[in-house]
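The next part holds the structures, each set out as structure tokens.
Presented sequentially are two complexes of chain A, the first with chain B as partner and the second with chain C.
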Partner chain A sequence: MSKEEVRLFIGPQHPGVTGNMSVEVLLKGDTITWAKTHIGYLHRGFEKLMERRIYIKSFPLVCRICVPEPDTNEENFARGLEELAGIEIPERAKWIRTLVLELSRLQMFIMWYGGIAGSMGLSTPVQWGIGDRDYILDLFEELTGGRIYHIYIMPGGVRKDLPEGFEERVLKLMDIIEQRLPEYDEIIMENAVVQKRLKGLAKIPRDWVDEMGITGPVARACGFPYDVRKDHPYEAYPYLDFDVITEDGCDAWAMLLVRRREIDLSINLIRQIIEKMPKGEFLARLPNVLYWKIPPGETYVKSEATRGEFGYYMVSDGSDKPRRVHVNGPSFVHGITLLERLLVGQNIADVAPIMVSLQTCPPEMER
Partner chain B sequence: MEILDKLKEKFEILQSQEKREDLALVGTTEKDLIPLLVYLKEYEGYKTLVMISCVDWIEEGKFELVYNLWNPSKKHNILVKTKIPREAPKFQTIYKIWPQAEAYEREIHEMFGVDFEGNPTQHEELILEDWDDIPPMRRDFDTLKYSMEKFGEREPKSGIIIRKQISEQYDEWRRK
Partner chain C sequence: MGLKEVLKPLGAWRQIAKRPHTILVPKVSREAAERYRGFHVNDLEKCIGCGTCAAVCPNEAIDMVPVEGIEPKKGDSGFRPRIDYGRCCWCGLCVDSCPTTSLRMTNEYIWVRETPDDFVYIPGYHIKGFEKKEKGYRKDKEHSFTDYHRVPMRELPPEERVETFAEVVLGYAEEEARREADRCVGCGLCIAGCPDRMHIPDYIRAIASGEYARSVNIMYENNPFAELCGKVCTRRCESYCSLGHEGDPVAIRWLKRFATERFSDLKQVIKVKKAEPKDKSVGIIGAGPGGLTAAYYLALRGYKVTVYEAMPEAGGMTMAGIPKYRFPFPSLKKQVDFILSQGVELKLNYFVDQERFRELMKKHHAIYIGVGLMKPWTLGVPGEDHPNVIYAIDFLRKINFKEPVEVGKEVVVIGGGDVAMDAARVSRRLGAEVTIAYRRRKVDMPADHEEIEGAEEEGVRIWEKIIPIRVEDAPEGKVKLVYGKAKMVDQGPGKRPKPVLIEGEEYELVVDRIIVAIGQQADLSFLPPEIAEKMEVERGRIKVNHRQMTSVEGIFAGGDVANRVADAISAIADGLRAVKGIELYFQGKMD
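Take a look at the complex of A and B:
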């Protein structure tokens, strides 16, 4: 650090930072010359807690690993457990899980769409985003009893069947959201300030993607068609008809375009799921879950969260508690390795849009 | 599986298994692990390091390091594992092969106490602050004992007492 430089902490209490994390930067004038991510404000030791609990008691824990999008965690943990125990789940359970996952992706993308505008000082879409997301949370409340944490996906299927008339209400809400989206586009996409600030911001060199393990919308904005739903299809995704969305800009504007098109894709997928959903059982027969011994083995399961590839590495030693559960969220790479390199040379005012573009989520970095 | 046969010819493989169509598992010796990772990266297209994990096998006195690689063109994951001694555990860093390994190794150093020789930032705190006990993710770390020693026994919260009083009063009222 020379005498020309200033050391500055951005976060953990800062409106532009995504959650409880901070970035320490060195500034030369307005330009960042060095950056370092600091996490640890939110460490609750979930991986350790899971080692002390029987499997079924870990379900209220895993959903808390990522607050805005808990269903990916539940689904991953349940699928890993089913694979270790060798359980086949009914067909309808797979479709209901996919419906819940897509609804959860949709609410996260809508909130993010408002959030990216908020990071640049446009505060109207933030309120809209949170408001429209709330309609989806209402559906979740009806389905699962919880608005944020659902604890709905269980090993062997899902906890309850869909309520009567639920499909119609979902379809009706999709129509409402689809009508609302042009208003968002008008205020965000066609805004000259947003275009000017995001185009060319956070330009990621293409060779970083494979080398660093960048996934999700960030990789797709660089033209890499990486989507776990297509590459390693899980649940009901193999039966759905969709294309992987890619853009060619490598910058924050391309990430915005990818996520905007993901909203349309999610709405499309939800309509397909409801159209094709079969009838039947929703929960497989399980042994007594309180005395459930899982055969020794290990597995790695993954799924596509809104931020990228979300994976669970699970090891069982034959007892009723897991030997090790390693939760690997995409933010670990995006928020530490990529963010530290990406911030160098940027303007101090662009820290918030870059962090929101990468969609870093601190709870999944520290577990 | 093709890739497992190739690896068996070139390296000392202790354990190999095909878990799923898109997931294989390979166990190797401490000495062969890094050459194997480099071979997979340079010649077999496993370009991406997804994660590094560590498992504590306390009964055997071993730590198991797990490297998860992904092949973007074949859409295939491979878990490469090795066991290192639990006493004074150390291993070589791979952060020059994959930059994100630096952060993963830093986490394992903090949580399990494995020393990655050559990693420049592993001694910096990642998650824990002023930690003064054995690394917390080890199996022999007792969370309850630690919190009792560090923070002492907690007094019951006043809210609980008030709730109890209310329920007692309610019971009395019902008996009338």
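Take a look at the complex of A and C:
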């Protein structure tokens, strides 16, 4: 640190930081010359806790690994467990799970859409994002009995069938959201401030993508057509018709474009799911969950979360508790490795929009 | 980028004319969804304190606590769940696990109090005001963590059964047994229902995990007739199974049968710990399940044991009474042989009379009387001494010892208990048309419902409300039962209605044999008068204390002769209890 530099801690208590983490930077004037992330504020030892619990007791736990998008965790953990235990789940369960995952993605992206504007001081869209997301949470409440933590995707399928008339209410909400989106676009996408600040911001050299293992909308904004839903399809994704969304700007603006298009895609997928969902059983009979021993083995299951590739590496030693569960959250790469390199040379005022663009989620870095 | 991008965002102002999205609490309240996982409620009458909710709770938010006004009883621990909402995460796993479905959640989510202690409470006991709420997360029985459906037991088809004395029940295959065993939630409420307090959840869990030898060893800790019980136990435990409230109880009996049957040589499986030999000896009269259980555990504790048995085979009523299609001889022999292999001496064909009893008193330091009930009750109607009137236990004994018996073409069995069912079903196997005549209704029959169903499947007819009046001779070597009909007279709440003869009507039934199966009584004539006068007998049964000691020091008794429950497992339990009693007696510590 030279005499001209200032050391500054941004977070862990800071409205511009995506959750409880902090970024330590050295500044020369307004320019960042060095950046280091600090995590640990959220470490709850989930992975370790799981090793001491029978499997079923981990379901109310895993959803907490990513607060705004808990369902990916439930789905991955359930699918991993089913794979290890050799359990076939009913067809309908796969479709309901996919519906839940896409609804979850949609609410997350809508909130993000408002959030990216918020990171630049535009607070109106933030309120909108949170407000409109709540209508999706209403659906979750109806379906699962919980608004945020659904604890709904269970080994064997899902806990309850869709309530009467649920499909219609989903479709109706999709129409409402679709009508609403141009209003968002008007104040975000078509906003001079947003365009000026995001275009060219956080430009990622393309070779970093492979080098660091960048995935999700960030990778797709760099022109990499990688989407787990397409490349390693799971649940009902093999039966859905969609193209992987890419942009080639490699900057924060391109990331915004990808995510905005993802919102449209989710709505489209939700409509497809409702149209094609088969009737029938939604939960397979499980062994007694209090004493359920899983045959020895290991597996890695992954899915496409809003932030990128999300994965669970699970090892069973044949007992009723996992020997090891390792959760691979994309934010680990995006929010630490990538962020630290990306910040160098950037303006201090851009830390928040960059973090939001990378959609870093501290709880999934610290399991 | 131009002026458009500067002006466009001002479109946000349009929202000012729209309705707000927020709810103005507390003016407006918002009801949560039908399935919402809010505060719990528990139906305390339905809850049995099984603790399954506490076992599954991921946050240890549930403690099982005693509750004023709820006493522990068989099938109910007396405890109720108390929930700490400082720990609860509203996952509802407890609701999905509750076997009785007493626990559910309401859609209530707002509850404000100043003190945190108010958030630790017993739902249903501490009234919070939302108990009546209908909406909220509930268990869907078919989509929950509880498997309410028993794996069905395969049986010989009825047409084949009546042709043979082969076992009716075919037993579980390994996969079936493990699946059935896995249904057990491990609450242990069944244990109190078992007279012998077997370690039921432990041996069931061992079966579920495929550890059959361990399972049988757990059984042998307090029951050396586990296979017998696996086949014919009255399974009182099953009526206390927590799954039985909303579904089928776990097939505890069949699981025991499955595990024990897997081993033909018990010596290779049961790990016995034998104590150092001691210089005291015990004489046991009667080689029924009770006497032999006492013998087995006394031998393991190092005592010298001799069992005196009047019949040519050991096993008591399980040898002489229970038909072989329910309890085959090789199974009995396997279990008896293992008991004898622990150093138990058995004297067969050794009827203990008064003289011999005096000898035993001199020879042994303690005596256990397990002579059962060997004398049948008689009808007490005129003509009963007709040669075609026979008694079920005599009949069954002859069959079981392969002595020749004739029942003819038509038989009427009088009685409604298990012995009546056995006599009827054996008669069917001998080719007779069989009618069971019972003085109450079918629903009042003390016989196991499976036995009644089994008998009916095999073509046994059941006549209800029949009261025998007299027996007369009939031509062609037959016998005539003259009977009347009964009407059921209500005896007030909680009491069985009483059958009362409808006077003035008489009916006749001509058959080849009348088999009387209305119960058995003890024959204590082998007790020498000096003992008999000191030994308290109450309504036909020898009176014993909590250690099975009679009113005569050093003489213990158990099983049917002392225990009104009169089934094998109660006799086994008595035998086991007597071992402790005899040991305390020897140590001078009888309490």
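Couple of notes before you dig in:
Criterion: the second predicted complex is superposed on the first by the 367 of 367 C-alpha atoms of A that agree within 3 Å, B and C clash if a C-alpha of one lies under 4 Å from a C-alpha of the other, contacts with A are read in each partner's own complex, and residues count from 1 in each chain.
Here is the rule we use: a contact is a pair of C-beta atoms (placed from the backbone, for glycine too) under 8 Å apart; a residue touches a chain by one contact, two chains touch by 3 or more.
Keep in mind that this is a model prediction, so the values were computed, not measured.
In the superposed model, A:187 lies in contact with chain C only, and not with chain B. Within the superposed three-chain model, A:300 lies in touch with chain B and out of touch with chain C [touch as defined at top].
Applying the stated contact rule after C-alpha superposition, one finds that A:57 touches chain C and leaves chain B untouched.
When both complexes are overlaid on chain A, the residue A:287 reaches chain C alone and has no touch with chain B. After overlaying the two complexes on the shared chain, residue contacts for A:336 are found with chain B alone; chain C is out of touch.
By the touch criterion defined above, A:163 lies against chain C but remains apart from chain B after alignment on the C-alpha atoms of chain A.
More residues of chain A are in touch with C than with the other of chain B and chain C. By the touch criterion defined above, A:196 reaches chain C but does not reach chain B. Chain A makes touch with chain C in their complex at residues 53, 56-61, 122, 124, 131-132, 134, 138, 141-146, 149, 151, 159-161, 163, 183, 186-187, 190-193, 195-196, 282-283, 285-291, 293. By the touch rule above, chain C contacts chain A in their complex via residues 1, 4-6, 8-9, 11-12, 14-15, 21-22, 32-37, 52, 55-56, 58-59, 89-93, 96-97, 105, 137, 140, 143, 145, 147, 182-186, 205, 208-209. For chain B in complex with chain A, the touching residues are 19-20, 22-23, 25, 47-51, 53, 55-56, 66, 68, 70, 72, 75, 77, 79, 98-100, 102-104, 125-129, 136-137, 139, 143. Contact residues of chain A toward chain B in the complex are 39-40, 43, 45, 47-48, 51-52, 83, 210-213, 224, 226, 231-232, 298-300, 302, 309, 311, 313, 315, 323-324, 326, 328, 332-333, 336-337, 341, 366.
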